[in-house]
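What follows is a group of structures, each given as structure tokens.
Each of the next two complexes has chain A plus one other chain: chain B in the first, chain C in the second.
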Partner chain A sequence: MLQEESDLSLIIAQIVQKLKGSNLYAQLERQAWACLQRPEIKLESLKEDIKEFFKISGWEKKLQNAVYSELSVFPLPSHPAAPPEHLKEPLVYMRKAQGSWEKRILKSLNSMCTELSIPLARKRPVGEQKELLSKWNEMGTDEPDLSLFRPVYAPKDFLEVLINLRNPNYENGDSLSFRTHLGLIQVPLKVKDIPELKEFFVELGLTTGQLGIDDSTQVPPELFENEHVRIGQKVLAEQDGAAAQQYIRQGSPTALRADLWALILNISSQPEDILYYEQLKTNVIQHDLLVDSLIYKDVKLTASNDDYYFVFEDYLYQVLLCFSRDTSVLGHFAYNSASPPKSYIRGKLGLEEYAVFYPPNVAPLCFLYHEPSKLYQIFREMYVRFFFRLHSISSHPSGIVSLCLLFETLLQTYLPQLFYHLREIGAQPLRISFKWMVRAFSGYLATDQLLLLWDRILGYNSLEILAVLAAAVFAFRAVNLMEVTSLAAAEAVLADLSTLKVMPLLQIFLFATVT
Partner chain B sequence: MKIGTSTESGGGSFIGLLSTINGTLNRMSVQTIRNVFSVETGYRLSDDQIVNHFPNHYELTRKDLMVKNIKRYRKELEKEGSPLAEKDENGKYLYLDFVPVTYMLPADYNLFVEEFRKSPSSTWIMKPCGKAQGKGIFLINKLSQIKKWSRDSKTSSFVTQSTKEAYVISLYINNPLLIGGRKFDLRLYVLVSTYRPLRCYMYKLGFCRFCTVKYSPSTSELDNMFVHLTNVAIQKHGEDYNHIHGGKWTVSNLRLYLESTRGKEVTGKLFDEIHWIIVQSLKAVAPVMNNDKHCFECYGYDIIIDDKLKPWLIEVNASPSLTSSTANDRILKYNLINDTLNIAVPNGEIPDCKWNKSPPKEVLGNYEILYDEELAQGDGADRELRSRQGQSLGPKGGRSRDLGRTVLTTWK
Partner chain C sequence: MSRVSVPCHVKGTVALQVGDVRTSQGRPGVLVIDVTFPSVAPFELQEIMFKNYYTAFLSIRVRQHSSPHTPAKWVTCLRDYCLMPDPHSEEGAQEYVSLFKHQMLCDMARVLELRLILRQPSPLWVSFTVEELQIYQQGPKSPSMTFPKWLSHPVPCEQPPPLIEGLPDPSRVSSEVQQMWALTEMIRASHTSTRIGRFDVDGCYDLNLLSYT
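What follows is the complex of A and B.
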């Protein structure tokens, strides 16, 4: 009990510390000073009166949302004597693996630089700056020669690294038993099984209404949808972040989604945020980074050819280029095992740090936000809260390693025949599902389905649902998969996910399959 | 039994899909269609022959005649005192203002000049009456650019105007709704099985055609057809044309985007308005259409949405392109033809044009009933209702609605 209390006060102290540096704190201070003028504030009961004022005027709510938001990302309490690396990632071998992966990427980048004689970073000449500024909104149409640029790594390279992860302290002996994990991932991390998942995802159960199922054509809207929309509007009116997160577990109505996500991620478009974005944009104009070309190439290859996202190609460049220069993203590295490689800009413009990463999933967000700075904020927040875990090696339950393990365990435990069959024909299931999970299914599902899936990621503050969905897809196509005899054929069966309806699949897999 | 198909520019043929029907297939050119229905030849279609065009479809599909018919229809409603013809304080129709201001050239040249002078900074678009695929279209913002048509009308009124040179000039919508900074238009398919009583169906899987280049209303880009014209026939020659998605979006994508960014009510209102203008355009030409019982027709409607979310009817095509530019496109067009024939030819049997043209709900496929005059009249004599049985458009696939829901609450 004492331990819990002291943990709690430690957490509180840390959150307070964090919030003190934030904009919200400054605003609250200003508000407190300003409200001294008000007649209802009396000197004798100053503290209570100000608190009361905050409650009525909605500032308390904002503070609540901010605290809640911090809590969601806060790492678990740990031993006070633990060094900071332990906070990022408690397992040594994971840290080492991530470190060597980063070194490998950096080496690859550097060798590309020398090969092509392009600096990692350089300042643009003024003429080029003007040109870029003028075509800032149309970067998609000008295609520089990118043929020499190779992507730094492909998902399967990353998968190879994960497959080779071993815990040096773990010895499971050579004897095979029914416990032996037959999948590719061989690290002993704890993952949930179906009973635990059922509990975790209880709101997805058969008796609870869902968007994605209970708003379909055959169901009259009075049964669920109308009420759900009404509650959503109420949540937005109250601006309650915690309630929103609970609400969105049942899916978000399309019209409310943009605002709900902003509320949950605690994003409000202040003038300072717009200014920040503009600053990043200036940074892009003034300096040219090698990663820019890689980003450009990746977007060209993926989003430009996509039926849904090609329209937003130009937004993607804007957001991603700015993101690669955003140093505040580094703040999140406190709870990520990765540490960004450093690079010096030629011409001694000072030390600039930036992270090397696999371009993440911006495109679906363009369906919700069309104002660049807001789009950028939402994207950045989603990245630092969730998506970065898909690209770095860690033991976190939402990390990609755990997701892979969760997927394989689910498959092996509940679809053993299928799993064994696929393994026999050389089609390890993870090899197919990895690319879905690492991109959070973006580019594989229809957009409206993808957004319903990401609603649940926000609602449950976890990426585990990606692994569950991947397993559910395999379960759904099990009959066809049992008949294939090669990896290529298995890939073909699972090539097109665009017609799948996400929520029914998840429900069936979690709640309606006889185990 | 013969089933005639007409193939015009960009048209496909129906041959491959009629394997279930016994009989020979004739490919009819437009000329043959004209002959079939021409008074002189005295040719009569027999009862088991149906044709996929109405004899005088040009009343709707030629740009000048469409505008003429709509103008006439509006005037008639105004004379009757119908509430549909209500105008606002500026004299603009409240419910029937869905075609941009248009004049015929050279006939209305002087009227046009008067209008042009009222707002000299406006841009106008010149379109040849009888052409398709964006051919011959250009934009103007100065009277001098169309002097040619004024000269003709001034010199002699005895010179018979060759219909080939007739143009329409419309006010250019220079504030189109942009997505990702690009202009787009909507292509919707509408099947009409009979005009009197009017029975029409809307295909749920329409699509948006995007320009490959960012939109700019600046005068320097007036000549750049890649900015302004969305026809695939034009865009596919652009540098940035992509063959995988063809610059096309499904209507359900559009709906998802608009609902997410603008809200559900205004999106619903927009789509209701689109249905409304299609029905009104058909009603406008219904009285003059030769409602031959051997005929049905599938039109391609082109609609542009402006940045106030108001839809505008640009034109109607009688022979919408049935060729496909992408894989998805081919699937869509295949299904379109399949569903069209299922409605036009009941049960895949030899047609008998005496049937009542009321197909059962199951064969509609991806069509939904847009307007059924018989049903509507059955529900009340003095109110025009639009019945929307079946499913409405939407990314999730629709739901059933009440019969007889009024759209405009201000109807008396």
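What follows is the complex of A and C.
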């Protein structure tokens, strides 16, 4: 009992500390000062009267949303003796692997700098700044010479690093025994099996209505859809973040999605946020980073060629360039196993914030949000909550290593013949599904299906659904896959996912497969 | 609750295994670590802290100092405490753990020696142990003060002087002022740790190379 109480007070102290620096705190203070004029606030019971006022005026709800949001994001306070690296990643060998992976990326960037003799960061001359400002909304029309820039790494390289991840204390004898993993990932992390997944994803069950299934044209809307939309509007009217997260597990109606996501991620469009975005924009204009060219090249190669996303090319540049300069993202490194790279400015230590990540993660969001500053905030929040786990090596249940292991375990347990066959022909299933998971399926699924999938990521606060979907896709195409005889043929069978419907696949795999 | 570290001597681990260690194939699943306190008199144990390394279950036995005539006996104070919920996977494998006095089965008043019995039933791991073992005892209590007489035996209060017309009641005013003072103290004591958000040094952000350290 003592332990739980002290844990609770520790958590409360941590959240209070975090919220003190936020916008909400300043607003609450202002409100409290303003309400002192009101007649019902008496001096003897100042505290209680102000609390009552907050409850009535809706500010308590905002505070509740903020606290709930913090609880979902930040890990629980750990043992007092644990060093900060332990909070980022408890397993020592994973920390080491992440460190050497980062060093590799840094070396690559540094060598690119010296080869092309381009500085990593420099202040732009005034003429160039003016030019960029005038072209801010149409950066896509610019065609600088980027042929010399190579991508820093591809998903394949990252997969190789994950495959070679080994626990030195793990008995992995040379001979095949019950200990060897048949898949590519060789670390024994704890992953959920189907009974546990069924319990975790209980709202996706056969008896619960889903958007993505029960809103198709054959089903009359009175059965589910109308009621669901009505509840969604009520949740938005109440502005309750926790209720929104529960609601979105059954999918979000298209009209309400933008507001629901903003509510769950606790993003409000205050003038301060727009100002923050403008400040970042100024930073982009004043300083030129090497990473900008890499981002530019990446976007040109991927999103501009995509049938759905090419319209958002300019938005993507605006968001990503600002993101690479946002120092508030540094806060998430406390629970990310990665570390930001450092560099020296004039002999003093400075921090360069960068993340070499995959732009298509931004593109689907462009369908939802039109103002750059709100789009930017949503993207940033989704990155620091979920997507960063897809690019760093950690033992977190939503980390990419656990997702890969979950995928392989599900396939091995429930489709053993398929798994064995693919392994025999040299087409390890993870080699095909890795690129889907590391991009959270963006660029592979149709946009409306992708948004339904991301609804569930928000609702369950976990990326495990990506691994389940990957296994479900393999299960769906199992018959064709059993007939292929090479990796290339297997990839061809699974090349086009744009016609797939996500929710029926998930439901069948989790709840309707006879095991 | 202050605590003071007790210097301890951790003896080498002893593996318990049936049969000859050299010839049998499997690895031991039980290890015993003895902890003695050579330079300290029997003390009251407050907390045991360590870093786990792939140990699944922990039992602790303690030998306490009893009356001078009876020999000290070994008593189990913690039985099969679970450190890894699934011994075959990595969960909890490298965590920091604290065990407190109130979690123990018996009184820890006069500890002479401790014996930690580690168990790891899974054959997947090459070795297992606990690291960075630290034992804490109760810290010194704050020195007792003698209160001045007027604080410990307050004089019964006399009849308050009659209120002057037009002025507010002094006891009410003092309670309100007290509340406000408490609030201002709280605000003054709190500070925030939010970053300001600038990343350039003196307006300069010219970087040439990233560093590897």
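Keep in mind that, in the parts below, the second predicted complex is superposed on the first by the 488 of 515 C-alpha atoms of A that agree within 3 Å, B and C clash if a C-alpha of one lies under 4 Å from a C-alpha of the other, contacts with A are read in each partner's own complex, and residues count from 1 in each chain.
Note that in this section contacts are C-beta pairs under 8 Å (C-beta built on N, C-alpha and C of every residue); 3 or more make two chains touch, one makes a residue touch a chain.
Computed from a predicted structure; not experimentally measured.
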Partners on chain A (chain B, chain C) - clash or fit: fit
Chain B versus chain C as contact partner of A:N169, first or second or both or neither: second
Chain B versus chain C as contact partner of A:D448, first or second or both or neither: first
Which of chain B and chain C A:A258 touches, first, second, both or neither: first
Which of chain B and chain C A:C35 touches, first, second, both or neither: neither
Partner chain(s) touched by A:P119 [first = chain B, second = chain C, both, neither]: second
Partner touching more residues of chain A, whether chain B or chain C: C
Superposed model, angle subtended at chain A by chain C and chain B (C-alpha, nearest 10 degrees): 160
First (chain B), second (chain C), both or neither touched by A:A242: neither
Partner chain in contact with A:S216 - chain B first, chain C second, else both or neither: first
Closest Cα approach, chain C to chain B, once both complexes are overlaid on chain A (Å): 30
Shared chain A contacts, counted only where both chain B and chain C touch the same residue: none
List of chain C residues in touch with chain A within their complex: 49, 51, 53-54, 86, 88-91, 93-98, 100, 102, 123-128, 132, 172, 175-176, 179-180, 183, 190-195, 197-202, 204-213
Chain B - residues contacting chain A, complex: 179-182, 210, 212-214, 239-240, 242, 244-245, 247-249, 252-253, 256-257, 259-261, 263-264, 328, 391, 395-400
Parts of chain A lying in touch with chain C, wherever the complex brings them together: 2-3, 17, 20-22, 43-44, 46-47, 78-82, 86, 90-92, 103, 106-107, 109-110, 113-114, 119-123, 167-171, 179, 187-190, 279, 287, 325, 327-328, 330-331, 341-346, 348, 350-353, 395
Chain A - residues contacting chain B, complex: 137-138, 140-141, 215-221, 253-255, 257-258, 304-308, 310-315, 366-370, 447-448, 451
